[in-house]
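Structures are listed in the sections that come next.
Common to both upcoming complexes is chain A, partnered first by chain B, then by chain C.
Coming up: the complex of A and B.
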């Protein structure tokens, strides 16, 4: 019931948000997302450390086809739900007063939050698919209505790309559904059993179908070509939603659906997948290295980070999976912080071009400090949030394949180089024409960035707070295969 | 039978309305009559009646008749104003009512002669209606083209019926079925089936017999186009499935041929729609493409095919009525049927734009709209039958579809507004749009509402 309450509350807020007086649009959305955060925090704090699903609700939906509205939260889901509910208020609050957004904008964000949570709590394949697709509609409109100048082409490309992947996943889901015992069912455990009963060849084919959907969403090299354009062109809040939360849908899909359903498919393709992921890390790292546009640079760095997560998950051992989960949290938090800082810089200077910046530290020490902390998190310095994740991921990959582990580890250095160089060129040195009148963080901006900084340090210092929640569920997943 | 009687009586009354001058009262009378017909038809659910071996009012017939009546009801609400401005409103209404008689016969026949009669009753009315905008060259061309091509296809249909009769000695569907299992005249049977296939493919606009569709759809008055895309299509597919599922399940390799026709239809329909400037022509091609999706369920003949076709035709018709109604309103207001006429609509008429968006999402097959579940159900039927390759091709075609449906959405939401004067929407149109939009979302979220019946 608690899970359904979470979804219903969000849906109600999203609808109500359309009717509040225009000037309260932002405040209403912010407060409603805070309420949802408080509720999910309560769920998190009272969450029993166990491998079983909690708060399960199960209603028959389309009886004749064995489709259920079945939702529940386990140790993996709760972390992603928390990530979503933690980031959404910050994203809503990050809208600047000088660029007011209409009510529909906030409603779309709340609606999307609902769909994202729906993806993370679904225990029925069909329901999962519905939420997976519904999440796409609000972000499409957010990008289309409030994006940059090439938004029409770019958002359509993004939409068709992701739908293409999803439709292949739908075909695979139907195929699995038809292999469940008579009176077919979409229940997660029935689909697991159906998938495992297939012969390795069939599993391998289905594996690729699912990989298209999840790989495009994440995105994994070579399915990433929609991503840099979309991130660059979307409004800041859209980019935050996309990179902070939405790409986690893909990773979550891998862990929750694809791998447990098709273990033989993974076994046959793991080597190939792993190298694909590692190639993606290097490729994106090198491209990020040459970017001048700050937003684009972080878009590519996001591909590199996600590539490492994917590699750790395809290695499929305890370290890899646990690392993947904790890294999802920290990547979401870092990337939202980074994109917000870019938004701050752009709103003050009118440019995101790194060479025309510089010397911001002299004018805005707060901003420079916050930027440094979040960026060190992204580089994965010990005691920041990136470190436990990357450490576990690389050791997971290393266990699976020494060479791949070594190459993946090497990429951290590439990441550190371009990140630090960006920092140096934008924050240090002499001020330029653009940064001469730079003002420091306002109260609003601090409100968004301080929780992020706290989380960066909290996860870095005390990762076990989160790792211990997901551990039983991960162990169950591993033992089930 | 009551359904047929009520509809025919209504048609006759509509003719008299001109003589006795009660045009004003005619419209509510028709709506009442349709509602009465609906109630009588729905009452026959689970009480199958056979009429002289000619018609079998089983649940399949009842469900499809109900669906046709609901769509016709919505259609009348949408088309009222258009026809009221014409001088011969009553003729048009009676033509539509008679064609509904044909549609009901088409979904309930159990004898090939009735199939033929049903198709003719339906078609002849629609030929006339397509040309009903007398002063418009396009409309005349459309009616003429439809008539010529239609009678040609009817010829094929008759020829096919003759061959089947020659082999089995009967027009009765059940007898034909039993005779076909024992006959040795495989070649003759296949020829007959193929000729029937050609005739029915023409009516349901399956490639390569779809060439009339874009021209006829574009030329005919928008209201008539709506009728063709909804009621006619539903009836055609219901008849198609009824014939092939009762008679020819065991005979011939027609499903291999239909397989290729479906693939052709999917790609011709979707690819041709991509470059269209006129929304009406785009919807015409999209209607061809949707015929392809529906026909997937016929190729994959199995237990769920009937309900898949039912759900698909119903939801497709509902979304089409939304789309065509808005096209009708906009084209009348702006004098253009192009997609560019929709630019900036989200600013001037946000609710109209919302309704259109829901309709487009449904036609494109995006959750949570009904169009998604319809596609899903058809795909499920096909994969269950082993037609996975066909589904993969259909998925690719659906992706192309998303592109052009989204062109409409993009035009409404993105393009700089030309004028910000909101379009006035009459109360009837408003009611239609509210009903269809709510139904599209409701049926998408709770497909059980209608799936359980068939």
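Coming up: the complex of A and C.
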């Protein structure tokens, strides 16, 4: 019941948001998302350390097809739900000017939050697919209506790209569904059983079908070319939703659906997938070296980070999976912080072009410090949030394949290079014409960034707070294969 | 005692947090007193630990940190003779440098944040030596890297300082990757990164075991980065961009010795890997000579000292590589005294000359800065290895061990000592003797305030007498320090089955040779820079080939830029413009275009002509029926 309540509350808020007076639009959405956060925090704090699904609700939906509205939360889901509900209020609060059509904007964000949570709690393959597609609709409109100058072309590409991937997933899901016992079912355990019963060859093909859907969403090299343009052109809040939360759908899909259903598919393709992911880490990281547009630079760095997560998951051992989970949290938190900082810089100077910046630390020490802390998280300094994940991921990959692990490890060097370059060229040195009148953080901006900074350090110092929650579910997953 | 000992690192941390958060709201002197006070408390606690340790090792558990299945790491501290010596060095020398900074940084506008960073640095350094597992050591390891980044680039308006800071961090990171992979291999091999699990288990391994060799080599890559050895040393000389007390603290007395500490701590592992030991000794001795040869021709007072640090660290690695663990730790200690003193002395000179660092513009300062001069003289004696100053005992112990292990190492070591004596006395003579060559009207050289000179005096005393804790038996001493460290290094020593030490007669003879060579070097420096009053050539003057090579540091920085930095940037652009935009996106767009092309073709079918549709339908039905019947 609690799970459904979470979804229903969000849905109700999203609809109500369309009718509140315009000037209260932001406040209403912010308070709504805070309420949802408070509720999910309560669920998190009372969450039993167990491998089983909690708060399960199961209603028959399309009886003739065996489709159920079945949702529940386990140790993996709760962390992603928390990530979503933690970031959404910050994202809403980060809106600086009054957007045109504000009510629609905020409603879409709340609606998207609902769909994302839906993805993370679905226990029915069909329902998962529905939520998966629903989540695309709001972000499509957010990018299309509030994006930058090339928005129409770029958003169309993004939309077609992800839809194409999703269709492969739909085909694969239906194929699996048809292999469930008579009176077919989309239930998660039925699909697991159906997938495992397939011969390795069939599993391998289905594996690639799913990979197209999930790999595009994350995105993994070489399925990533929609991402830098979309991140760059989307409005800041859209970029935050996409990079902070939405790409986790893809990773979650790997862990929750693809791998448990198709263990033989993994066995046959793990090596290949893992190398693709590792290649992406290095490739995207090196591209980030010379990017001048800050948003595009962080877009590429995001591909590199996600590549490492993917590699750890394909390695499929305790360290890799747990590292992937905690890295999803820290990546989401860091990337939202970083994109917000870009937004702040752009709103003050009118540019994101790194060479035109510089000297901001002289004018805005507070901003510079916050940026530094989040950057350290992004480059995985111990005692910040990036480290536990990155260390576990690299050791997971290393365990699977020593060389791949060593190559993946280069991320700690490459990341340091492009991050420190960016920091130096934007924050340090003398001020430029653009940054001469830079003002430090406002109260609103601090409100968004301080929780992020706290989380950067909390996850770094006390990762067990989260690792312990997902551990039983991960162990169950490992033993199930 | 142990419970209090666990607090040692947290006082500086508290100092960092308080000063960092309050920043300019705190009056300067309050921040300074707070920062120094926190360190003084840590020092007193460390002293307590040091006094009470007597060969035991105790663990203090604080909290769990990361755990996944059987894989776990916690915040646990280890107190044993080795960590207690490092505690003393870090908090003791660190405290003196803090006090000195009160004077040195007094007029800096970012005074408070400087002390916050210093405290944070000490915190991470203490974590590094107190850690009871490699993973926790890594926290301190990377943490000091961060602090050096912050402090080298402290004056962040200056681009070259920022570049130096970034370079330090990135080079350290290259080493850190090796260290990290080493830790992962440790986890895989021993199931843990805790010392108390690894070291006993390691004793069961055969000497020369492949896994242990791989682990020790990877860990050593980390040490190369942190302790600035070939080929990752170029960050350290550039790191002199930071305020001078930072150079003393981070780049002489403490941070760079982390690599030594780590190898010494892992003594048992290295003892099982003769190949790694050889590599350590080789890189150490080559770096010692190489860096010293660069120091011969540098004209920046801090650069000379920086290269001398690289060189001295090389000696320490030489010591570790030939199995003289306690001698290396001994040298870490004496080096901390005299090198901190040298840097602070240099800082005092720079302070007195309003920022001048070029020794060509100095000279004759001994009258104007008498205390600085006398203390600097003591430090120069110590580093050159003149008995009975501290550096003599520690360096000679390393060289004596090198002699028993490999004669060539010893020869190189002696050549290095010769160069060391030369460049140090060259520096001393050019700075303090002769006549003042700078602009007399612009700069009024003056002695530094007491808050700066008192730390100098204390360090000078330590540099003088610090060696007496390690007087070898051959000279009638009792090498207290090696007995003190014995419980830590015993297992490693047993594994190595060292050759019997050379007899005391030949040890004394070796010392005699070294001292003679050193004295000859000093005489040469005296002849050149005092008698002949020679001054290094001005910038841009043509130098003889060898001198030129040394002056330009063998062009190593330029080579790295040309071979690594530039090609990577080119590769980045190639990936972006060609692979990403043309190739991958080209394929993606092509599939879009193909769809369009197909639909263009299909469009001709959709003519809007109902007759045509009917015809097509009939044909279709006919086909279906036909195939059904077939």
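Quick note on the criterion: the second predicted complex is superposed on the first by the 476 of 481 C-alpha atoms of A that agree within 3 Å, B and C clash if a C-alpha of one lies under 4 Å from a C-alpha of the other, contacts with A are read in each partner's own complex, and residues count from 1 in each chain.
The rule is simple: a residue touches a chain if its C-beta (ideal position, glycine included) is under 8 Å from a C-beta of that chain, and two chains touch if they have at least 3 such contacts.
Everything numeric in this text was worked out from a predicted model, so none of it was measured.
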{"item": "Simultaneous placement of chain C and chain B on chain A, clash or fit", "value": "clash"}
{"item": "Partner chain in contact with A:130 - chain B first, chain C second, else both or neither", "value": "first"}
{"item": "First (chain B), second (chain C), both or neither touched by A:388", "value": "second"}
{"item": "Touching partner for A:463 - first (chain B), second (chain C), both, neither", "value": "second"}
{"item": "Touching partner for A:65 - first (chain B), second (chain C), both, neither", "value": "first"}
{"item": "Chain B versus chain C as contact partner of A:23, first or second or both or neither", "value": "neither"}
{"item": "Which superposed partner A:412 touches (first chain B, second chain C, both, neither)", "value": "second"}
{"item": "First, second, both or neither for A:292, with chain B first and chain C second", "value": "neither"}
{"item": "Partner, of chain C and chain B, that touches more residues belonging to chain A", "value": "C"}
{"item": "Chain B versus chain C as contact partner of A:319, first or second or both or neither", "value": "second"}
{"item": "First, second, both or neither for A:428, with chain B first and chain C second", "value": "second"}
{"item": "Colliding region between chain B and chain C, picked from 25-33, 277-285 or 601-609 after the shared-chain fit", "value": "601-609"}
{"item": "Contacts on chain A seen with chain B and repeated with chain C across the two complexes", "value": "160"}
{"item": "Contact footprint of chain A on chain C as seen in their complex", "value": "23, 64-69, 71, 135, 138-139, 142-143, 146, 149, 153, 156-159, 162-163, 166, 169-170, 173-174, 176-177, 180-181, 184, 187-188, 568-569, 571-573, 575-576, 579-580, 584-585, 588, 592"}
{"item": "Touching residues (chain side chain A, partner chain C) in the complex", "value": "157, 160-161, 222, 225-226, 283, 286-291, 318-319, 322-323, 359, 361-362, 365, 376, 381-383, 388, 391-392, 394-395, 398-399, 405-406, 409-410, 412-413, 416-417, 420-421, 424, 427-430, 461-464, 467-468, 471, 475"}
{"item": "Of all residues in chain B, those that touch chain A in their complex", "value": "361, 366-368, 372, 376-377, 379-380, 383-384, 388, 391-392, 395, 398-399, 402-403, 406, 410, 413-414, 446-448, 451-452"}
{"item": "Chain A residues touching chain B - in the complex, by the definition given at the top", "value": "61-65, 129-130, 133-134, 136-137, 141, 144-145, 151-152, 156, 159-160, 163-164, 167-168, 170-171, 174-175, 177-178"}
